[in-house]
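Naming follows writing order (A, B, C and D), and every chain is counted from residue 1.
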Amino acid sequence: MVNTTLAMDAASLERFLDAEFLQVAEDFTLDEVTVDRLVVRLRVSDKHLRPGGTVSGPSMFALADVSVYLAILSRIGPVALAVTTNCSIDFMRKPAAGADILCHVRLLKLGRVLAVGECLLFSEGNTAPVARASLTYSIPARDAAVASNTAKI
Amino acid sequence: MVNTTLAMDAASLERFLDAEFLQVAEDFTLDEVTVDRLVVRLRVSDKHLRPGGTVSGPSMFALADVSVYLAILSRIGPVALAVTTNCSIDFMRKPAAGADILCHVRLLKLGRVLAVGECLLFSEGNTAPVARASLTYSIPARDAAVASNTAKI
Amino acid sequence: MVNTTLAMDAASLERFLDAEFLQVAEDFTLDEVTVDRLVVRLRVSDKHLRPGGTVSGPSMFALADVSVYLAILSRIGPVALAVTTNCSIDFMRKPAAGADILCHVRLLKLGRVLAVGECLLFSEGNTAPVARASLTYSIPARDAAVASNTAKI
Amino acid sequence: MVNTTLAMDAASLERFLDAEFLQVAEDFTLDEVTVDRLVVRLRVSDKHLRPGGTVSGPSMFALADVSVYLAILSRIGPVALAVTTNCSIDFMRKPAAGADILCHVRLLKLGRVLAVGECLLFSEGNTAPVARASLTYSIPARDAAVASNTAKI
């Protein structure tokens, strides 16, 4: 059931974001896409900041959320209907001002109905993580969804 | 250490948001502020929506996050430096299109260094919650912070 | 899909525990079973204690876990195969020595494949919760499971 | 504040468990202790099993909990008073019958008052994790506690 090859590469994933999530697509870039790990970049701009210049909690949540979603898509193809059911996130350090946030994400489980991913978030250039997150996604019935969406990409 | 009276009412809390979090202040309204419970409204607009018209996960996270923050401030006064350390959130139902989200929040613990709040989020007009969340905040040394900030409000 | 009546009452649930979870059944008692809420008691004994006489974290986790499980069974009948997929738990206060722990649990969602319950845990006689927990259960295909198990109870 | 050397090795940690947590000490063995990672073994016996022979959720929670605790002690020395404030745990696969559970744990943060650790749990001999967990511990004032306890070990 779990493919150990990539169903979508970085370029395909970015096209998918542009097509389906235009509103936020410009915020995120895929720095690395392999079977073992994705690195997703939050291109930090004013809208992501709290007073004092640090990246806001909701912006880091959004990054973790999209990163696990993209990790799932990279393995099973463009299934627009996967939805987040749970997230646990720990904010551990203040992000550096003026730095992008990089999210290192890997899938721990990719089951028939549930997928679990875990994320470490870093201010670019730092090795101590600013946050960690784990997310569960519910995945719709696979065969039909993949079939009907693959043609689009 | 825990005050069982309100340190800030709805009007004070909204002035605080306007002063300290101008960027997001217009998104949130306080519908109810009591010692036992706050109700915080996310005034849903296009920027909060996912394709299909439902409110996005990050928007609901942001609502839960600000709601617990405001609940803490309502009890201890304007401490701008309290920071979220953990959030667990469950997304349980699809929000109704075209409806604001109401967050019912109460504090379960208000300690010297940690506070824990829990939230139920509803699409306005529905009784089945769309999400639940629990958050922990770390609170800076109290006396100094309160003293230096109270004058501002 | 969701029944708003009880499928099992306190006596049926206790018989189910005795039959299926003999090893832990003596630890738990059902103090209240209604559609809106269950109250499950951890009958605290030496094996639940940490040095110093307070109830251990794993014992409180076990109480929250079984409580949500029983809440699900109370609504859908004896489905022995429901499994916990996620738990978030906050330990907020030190339990009182020598007191049972009461878990107040309610279901926030009872879907076709996932159920979410939330718990507040109290040392008996105290009104400030010692812990809160939220749990997600994955529920196996319903009709077959209920049919094959109902006869047993 | 964070030591990047070990304050306690495997033998010291096991002596600490024997001295302070006699009731559960026999359940746990330290397979590996380095600055970067600990591997803690749950020596599975009948008391850890659910009907059907798989390791119970509370037993896996207990393993994750003690593992993060030991990871903290390995860095700051024997501080018996550190307490768990939060745990998020995902149960992802059914543990293998008849196999010990190995918990791979590392500290993501070791601050003055809070520490965060993350765990992956495996049935021995399998590479797909059965569970993941992240835990936050609150650490008492350090200097006094370390001073008064170090002599004991």
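Brief remarks follow.
One rule holds for everything that comes next: a residue touches a chain if its C-beta (ideal position, glycine included) is under 8 Å from a C-beta of that chain, and two chains touch if they have at least 3 such contacts.
Since we're looking at a predicted model, the values are computed, not measured.
Look at the contact of chain B with chain C and you find the same residues on each copy: over half of the numbers used there are shared. The greatest centre-to-centre distance from chain D, using averaged C-alpha positions, is reached by B.
After Cα superposition, the angle needed to carry chain A onto chain B is 180 degrees, rounded to a multiple of 5. Remark: chain A and chain B have CA centroids separated by 25 Å (rounded to whole angstrom). Averaging Cα coordinates per chain places chain B and chain C 29 Å apart.
Distance between chain B and chain D, defined via averaged C-alpha coordinates, is recorded as 34 Å. Of all residues in chain B, those touching 2 or more other chains are 85-86, 88, 90, 92, 136, listed in ascending order. Put simply, chain C touches chain A in their complex at residues 85-86, 88, 113-114, 136, 138. Residue ranges of chain D in contact with chain C, taken from their complex: 20-21, 23, 47, 49-51, 56-59, 61-62, 65, 80, 83-92. By the touch criterion stated above, chain D contacts chain A in their complex at residues 88, 90, 92-93, 108-109, 111, 116, 118, 120, 128-129, 132, 134, 136.
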